[in-house]
Amino acid sequence: MRASSVLKAAGPGRALPSKLVKASGVIVSLILTFVGLTAVTFTIGRVMPADPVLAIVGDRASQEVYDQVFLQLGLDKPIYVQYLKYLGQLLQGDLGTSIMTAQPVAEDILRFFPATMELATVATLLGVFVGIPMGVLAAVKQGRWPDHVVRVIGLIGYSAPIFWLGMVALLVFYARLDWVAGPGRLDVFYDGIVDPVSGILLLDAALAGEWDIFDNALDHLILPASILGTFALAYIARMTRSFMLDQLGQEYILTARVKGIPEWQVIWRHAFRNVLVQLITIIGLTYASLLEGSVLTETIFSWPGIGLYITKSLFNNDMNAVLGGTIVVGVCFVGINMLSDLLYKLVDPRVR
Amino acid sequence: MMDAALLRVEELHVSYNTPTGLVQAVKGVSFELGREKLGIVGESGSGKSQTGRAILGLTAPGGEVRARRIEFEGTDLLHADRRTMRHIRGAGISMIMQDPKYSLNPVMTVGKQIEEAFLVHSKDSKREAYRRTLEMLRAVKIREPDRVYRAYPHEVSGGMGQRIMIAMMMIPEPSIIIADEPTSALDVTVQLQVLAVLDDMISERGMGLIFISHDLNLIASFCDRILIMYGGQVMEECNAAELHRARHPYTRGLLDCLPRLGGSQHELSVLRRDPAWLETRGETS
Amino acid sequence: MTTLTLRGWLLAEVPRSKGQARCQRVFISWLAFKRNPVAVIGLLIIASLVMVALLAPWLTSTEALELNLAKRLQPPGGEHWFGTDELGRDILDRIIWGSRITLYIVGLVSIIVVPIGLVIGVVAGYIGGWVDNFLMRLTDIFLAFPRLILAMALVAALGPGLENAVLAIALTTWSPFARIARAEALTIRNSDFILAARMQGVSTAGILTRHVAPLCMSSVIVRLTLDMAGIILTAAGLGFLGLGAQPPTPEWGAMISLGRQYLIDQWWVPTMPGIAILVVSLGFNLLGDGLRDVFDPKSGGNQ
């Protein structure tokens, strides 16, 4: 990913065939990752528990029920047949049925997912718009107090257990100061008024023109998003700082200074433009990891997203739901990273 | 050849504070530069590049510059404020660096980078900047200036990159160009092309040139006057034409280890360094 | 005077022996490290963590797991610096005992992860070809997984508990080490001294274990230190969700989980263990940052 290696990759003689090879390489690795992911979830779900049937029916079920489930799961067949069948079901969007909600897991997830997306998106935006300037500032003032302040803030955000941070924030800003609304997405009072069109409450409320609800939703969102955003901010600021330092040490920066360009332009027009290209991948990575990181935040804030869904299913021994959620988050994770990689290739002239 | 000096450097010291102690890169270098081609030659680590950077006030962080005087066209560079310094960089003194692969911004088109160098020091319009840029590209013998204008640095060859660098550094019309190993990263055949372009432009515009290199031969044939540096100090100063008459043992050593066509076939001598050379001059400030 | 000559010996330009060269390397690294105040703080934090864990029996007055219902939920004060929990146990004492669990988790994960990552990475990088392709695909797959969720699913299948949590974390942590070791091995592979060793007839296994692997260690160790905080946080997260160490074990994440219901009125119960987690993972991050600055100045160090 470093500049020097990228430089070599781009020669004048790049024709269509090499692009095709690259594209097919991406697709192959995507497929392989998917196969790997499902192999792991399959192993966790069907192979690892001493008795997957017992895990489903419970130990008080009759022998008849037990046998029926045993056959239903196809456990009499060889493992690879079971896996292929599992894969087939997944490809049709069949993640099994949840024991907890008695509905298809896929439908459940569709219902819970937008809440997580809303949270992760706002958190990432916070991280981007606060973290990047912080990182740039730290790099420019390297070794002086702004650098130390940003580094320490970043490291604290990086080091604090997110669930604990959320609890403390709830205690201070909700219970003591009463600045923000408490757990959940809305006050009970407003629940179910707006039609879930996109599932993203801020969007739905705005579309319906229900500004009271919009305000209330924002009030509820701000704290969990800030907590989740702290991690995003810390990570992005840290990476920005390190990329920026790397770029500021490059020769072309010296060239720009020799030309007599004002320092702020050297920083933003020259160094930062190079950093931005690299940051695209980092922002994608942050967003993907926030989708996952929301598990703990959602638990603390009773935020009805996919993280809460997975955790609750876990305690109800609802393996279908847990594994379904794992696959969906995993696919999003891989997908977003792949997407940001593509975007990076579009933006960087050296690999275009 | 030497009229009023453009640049006066007296007793320049550059030192770096490293974990293992203070490292003195430049120890009391003095010279003057008129509208001429001055070569600074030395091995790596002799402080020649540090000298160039110190003049521009671009010593890397952690480095400390001391001098009795650094004066450019009557301006004291040691005590100049940031604005003055910025104005002098580019418009007064400019610098060409070693490898265009690293010294051009990889995500900015060549044309924009040259234009920028012009616009920073001029109030002219963008259109004028564009026109001047193409003119400059033509002046450094680039055949398709339109195409190169829109190219990114990785799309051009090393020799072309270095000519672009020359165009960029010449466009604000500085009085002095510092060229820091401008051809070391290039193929031998391309080296000569680039040098020819540089030579043309320097003499055409009557600028002063400081040519920094480790290559004594190159310097001797390209420059008017030579400064030989070793261990952060100037060992000897002489006219290029009189190099063969140099007296200092270090210079003699350098000359002796150059292979000569048609000369006797005996073994080349190995450069011998004597720490006593550094002690004789000692610290003065 | 002795210190002066020792310093001179350590900074001599031409080392006289292998031992001196080695000491010099360590000393020069230490000089660079010492200049970085942030890293020194990190080192101090980790050193105190280890001390506290070692001295736990002497630092605690009461047996940490002992109940004392008469003294439940007392606020921080002279007798109980961090207050007491819902069962009247001294929170500070429990945190002190908990430091052993933290070190146990971190140590166990490292012991599993480093050899796996090193072996896969070094073999892939040195041998190359289809072996490299296969191993790196495998690594990529694990690298692409969301860590916490996969660990959760694994623990859900294996059953909650400290060892299973460690196993789950290890399984989702080894892949970056393989990547780093491979990158190092790739550069080392083509160096002249490896060629020299090969021409002397050293076997591939010998080259890998005696030359390549040791040279990968410094980057692996830096990465490990930086990853420690992540490991601690994941372990605490699993503990918080009830999937890690089970009560009454004084694992910090589990302590926060149990104290959660007392948050509003007895804030210290869940807050104190959280501070402990924060401080320790901060320590590892600071130390890792400093080590990276020393060993790998390219990636954003003081250069």
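Chains: A, B and C, in written order; residue numbering restarts at 1 for each.
Just so we're on the same page, a contact is a pair of C-beta atoms (placed from the backbone, for glycine too) under 8 Å apart; a residue touches a chain by one contact, two chains touch by 3 or more.
Note that the structure is predicted; figures quoted are calculated from it, not measured.
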Contact tally winner between A-C and A-B is A-C
Could you tell me which chain lies farthest from chain C when each chain's centre is the average position of its Cα atoms? B
CA centroid of chain B to CA centroid of chain C, Å: 48
Using mean C-alpha positions as chain centres, tell me how far chain A is from chain C in Å, no decimals. 24
Would you kindly tell me how far, in whole Å, the mean C-alpha position of chain B lies from that of chain A? 50
I need the residues of chain A touching at least two other chains; which ones are they? 142-143
Flag every residue of chain A that touches chain C in the complex, lowest number first. 29, 32-33, 36-37, 40-41, 44-45, 48-49, 142-143, 148, 151-152, 155-156, 158-165, 167-168, 170-171, 175, 241-243, 245-246, 249, 288-289, 291-293, 295-296, 299, 310-311, 314-315, 319, 322-323, 325-326, 329-330, 333-334, 337
Contacts from chain C onto chain B in the complex sit at residues 11, 28, 31-32, 35
Can you list the chain B residues touching chain A in their complex? 56, 58, 61, 86-91, 94-95, 97-99, 101-108, 116-117, 120-121, 152, 154-155, 165, 168-169, 172
What residues of chain B sit close enough to touch chain C in their complex? 19-21
Residue numbers of chain A touching chain B in their complex, please. 3, 7, 10, 12, 142-143, 250-252, 254-262, 269-270, 273-274, 277, 348-350
